[in-house]
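One structure is given here, and the rest of the page talks about it.
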Amino acid sequence: MTETCCFLSLDELAAQVPDGASLALPKDSAGAPMAAVRALVRRGAKDLHLINVPTSGLATDILIGAGAARLVETSGVSLGEFGGAPRFNAAVKAGAVTIRDATCPAIYAGLQAAEKGLPFMPLRGVIGSDVLAFRDDWKVIDNPFAEAAVDPLLLLPAIRPEVALFHARRADRLGNVWIGVQGELAIMAHAAERTLVTVEEVVEDDLMAREESAAGTLPAVYVSAVAEAPKGAWPLGFLDLYPADEAQLADYARLARSAEGFAAYLERGCAPAVGR
Amino acid sequence: MPLDCRPEELLIAAIARLLRGCRNIAVGVSSPIPGSAALLARAESETPLRVELLESLDGNSFTRGSVELFDRAAQGRIDAFFLGGGQIDGQANINLVGTGDYPRTAVRWPGSFGSAYLYFLVPRVILFREEHSRRVLVPKVDFVSAPGVSAPEVYRRGGPCALITGKALFRFDRDRRRFRLESLHPGHDLADVLETTGFDFDHDAAPAATAGPDAATLEMIRGPVAREIAKAYPKFAARVFPRA
Amino acid sequence: MTETCCFLSLDELAAQVPDGASLALPKDSAGAPMAAVRALVRRGAKDLHLINVPTSGLATDILIGAGAARLVETSGVSLGEFGGAPRFNAAVKAGAVTIRDATCPAIYAGLQAAEKGLPFMPLRGVIGSDVLAFRDDWKVIDNPFAEAAVDPLLLLPAIRPEVALFHARRADRLGNVWIGVQGELAIMAHAAERTLVTVEEVVEDDLMAREESAAGTLPAVYVSAVAEAPKGAWPLGFLDLYPADEAQLADYARLARSAEGFAAYLERGCAPAVGR
Amino acid sequence: MPLDCRPEELLIAAIARLLRGCRNIAVGVSSPIPGSAALLARAESETPLRVELLESLDGNSFTRGSVELFDRAAQGRIDAFFLGGGQIDGQANINLVGTGDYPRTAVRWPGSFGSAYLYFLVPRVILFREEHSRRVLVPKVDFVSAPGVSAPEVYRRGGPCALITGKALFRFDRDRRRFRLESLHPGHDLADVLETTGFDFDHDAAPAATAGPDAATLEMIRGPVAREIAKAYPKFAARVFPRA
């Protein structure tokens, strides 16, 4: 296989996300790239259009708190058992970010439309909700295959992120990335123009060489760059590799209630050495 | 004679009864009580019953990513699901987004998650919210994350079947588009529920009491259910089932 | 996990495909269930509506030759290096089966619509082809998201097979089936009402227990029944387990040129012991 | 001075030249010559070039099933693909279905496969058919599996760029909607090509000869390319590259 993927440092990886880019991020529980998020904050990224796939938490809250995002498209932002996402909530209330509320399968449908090069994908449900009422980029048509007289059907426009960014368990030297059962990471990468990945480790085996590992692998053809970042999801937990750092998360939830507290957290938490 | 049980155990037993006859139950994130109820329903079911705990790494059978939950619901492979709400109104509309004028809501909650879709596709959606107050149970939600009822031309294979709070169990009548109080949990009375519910609902003059778990069920809850739910919700399990 | 899948003999499995059913079959190269096809012929299955996912060869040719199919929806039927599919070609020419010509991604799109509970999926391309001209169940609409004045777009109705049937490498005792990188088998199974699987072997390990094997596993929730059928793809080859039986295939290609030759092949080839 | 090479080797070298500048090439089933050409193009490319051999179990990087080819084409991740045809006409329409009146065609071929889609999505589609006769190269195909050209309002990001047969190489002019003869393979002359081609095409009075492989290229074909293609097409390799 031709080697087209390149290996970068975390800060080099963060430099691959231009200001103003649309940036797809996975759920906190399934590959949130926290070390890369800190690198984005360090480089002073701004005007990002965040696409949560389909929800987010700490990753989105930190980027919003740091002033890196102008728009958030999401189905939910929460710190889970540590409560609401304080900087997100404050920014929405202040109108400091534009919010595009969605519902989980609508975000997948938009990404899958992009994955398939389609202008849109249909989705059942949603009609009659205020989620739909406030989305002027969504359309309802009368299903042309309807057996009934009328059958309103939602169409979601394609979501094609400029960059997808996530954390994964491992990559090989060719840039193939093990994603296991996290199939939504494949959808993100297929849909995005470029995909940047941080990994716990780079392994010497070719992940595509055996069928068992290939089945859970995102091939390098979709991967623009990889950065090795051990404990790259910290302070979140990551799969069965490490649990969440509950003290850190509680600390964050407490400090981030105020802009000052958040700034203090950032100063401590985004120094290059932290989390590596 | 009712057994002495914790309020969580009563809720678990009551929800499990609502799940009878299901073959596939999915439980979303941050849902230890519904999760326990689903596990109890599975333990008590005479026919095969699958439970998918979305919270848990190995507590579900999704191998193509979390999009598979939504596809499975559309395929008719999910019979029951749970939703909550920062606000819930008398037409079973739920609000997971916030209070006040959208988008700059005075209070912002996380967001609608999959509710705007699953509420239409899953036959038996159970609304669960422990807090029973006029703050939560409102005449009309400020933002409809997912509507409780739909116009007849709207494709809808599922919807609300019940609402269970810390005080009472309501059934939702889809034809009348109203809740009916089914039972009051022990220790709560109708006057209090009328006082603390912001929407109108139907009720008997003397509503029944929500049945608690019998001895065998309680043993099941405190034994295998407690051990299983602890894998996904260790803190909840440690608090509610200290001896499991 | 609850055990809902059942283990059957090949003939019991074949009895689970009712006459008249729509039956999805994978490519000859990716899980064609030849032992089960022979069992269907033995039980005298008829009026099947075959859905090739998205193409087929020997499996479809034998079912057509045996008079088991009334309709074939396909993007291509061929014996590959052994030439055209003789009974398929003869039946099309004689009008003995109804043919619904498609194109590969249209069949995937129809199945994915069913997988998602949608009435249809859009697809680019195809417009201006006779494939479209002869499909009165397909529709072209004007893309409602178009930037240009007009943008014709094909919509494919959902394909929901009553039965999906394929051969796989292994199943575990709970009915989980290893499909590896053959993702189209998952799409088939998700879309179908019932899925029947033959496997090379039944293993004692739980395929869902480890992330590495889970990533390539179709969970038992989609699997109605499993039959163990070692060499179940014979005379086709199967993955890296065994190569095609070229002498058999050449023999088939030669004999099946005539109805009589095909009958003679069947008599020899569909006896219960063959291919086990 | 042209080297002594087999006709297959000439075709491989000529097709590889058509693939210059590609980054991702996909090769369908039953395509040993296009497959060899793609491998040669990869070997000679100065920039990274991926080749996906659909025929081969481990010769491609699809891990989500064969639907991934079509998705990847739509994503712009496939630059070149090959199509053939039982019939090909002067507007580059191809027929993979059969001759005579559809559906009860007098001669039935396998079917359209992915052509009706990939012809629209892949920028550089190369038509390859060794047989060069009026039976194959017809004025008008009996069934359009995939049209060579489309009306301006039809979404189309790709299409035919060349047609290569056992006798000649044609370029397709998308604006003029016609083929132009680019070169004749050694041993074939214009009169014969005019005689055996059923459609009109543009040509010079004295067309160029198709260049064969130079010594380095021939060495590459007979060495690494032959060894690699043998994994997917052992019989082809044994016949054409007996010494590899």
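Which chain is which? They are A, B, C and D, in the order written, and residues in each are numbered from 1.
The definition used in the following text is that a contact is a pair of C-beta atoms (placed from the backbone, for glycine too) under 8 Å apart; a residue touches a chain by one contact, two chains touch by 3 or more.
Values in this document were obtained by computation on a predicted structure and should not be read as measured data.
Enquirer: In the touch network of chains, how many steps separate subunit A from subunit C on the shortest route?
Expert: The fewest touching-chain steps linking subunit A to subunit C number 1.
Enquirer: How short can a path of touching chains from subunit B to subunit C be, counted in steps?
Expert: When the steps are counted carefully, the minimum from subunit B to subunit C is 1.
Enquirer: Between subunit C and subunit D, what's the gap in Å when you average each chain's C-alpha atoms?
Expert: Computed value for the inter-centroid distance: 29 Å.
Enquirer: Quick one: report the Å distance separating subunit B from subunit D, using the average Cα coordinate of each chain.
Expert: Measuring from centre to centre gives 59 Å for this pair.
Enquirer: Starting from the mean Cα coordinates of subunit A and subunit D, work out the distance between those two points in Å.
Expert: Distance between chain centres: 40 Å.
Enquirer: Would you pick out the residues of subunit B that each touch at least 2 other chains?
Expert: 62-64, 70, 74, 121
Enquirer: In subunit C, which residues are in touch with two or more of the other chains?
Expert: 116-118, 123-124, 151, 153, 181, 186, 214-216, 239-240
Enquirer: What is the complete set of touching chain pairs?
Expert: The set of touching chain pairs is A-B, A-C, A-D, B-C, C-D.
Enquirer: Enumerate the contact residues on subunit C facing subunit A in the complex.
Expert: 116-124, 139, 141, 143-146, 151, 153, 155, 157, 179-181, 211-216, 239-240
Enquirer: Considering the complex alone, what residue numbers of subunit A touch subunit B?
Expert: 27, 29-30, 54-55, 74-78, 80-81, 84-85, 88-89, 92-95, 98-99, 101-106, 108, 112, 123-134, 148-153, 181-187, 239-240
Enquirer: Which residues, counting only subunit B, touch subunit A once they are in their complex?
Expert: So the residues of subunit B touching subunit A come out as 29-30, 57, 62-68, 70, 74, 96-98, 102-106, 108-121, 143-147, 150-151, 153-156, 235.
Enquirer: What residues of subunit B sit close enough to touch subunit C in their complex?
Expert: On the subunit B side, the touching residues are 23-24, 42, 48-50, 58, 61-64, 70-77, 121.
Enquirer: Where on subunit C does subunit B make contact in their complex?
Expert: For subunit C paired with subunit B, touching residues are 1-4, 114-118, 186, 190-191, 208-209, 214-222.
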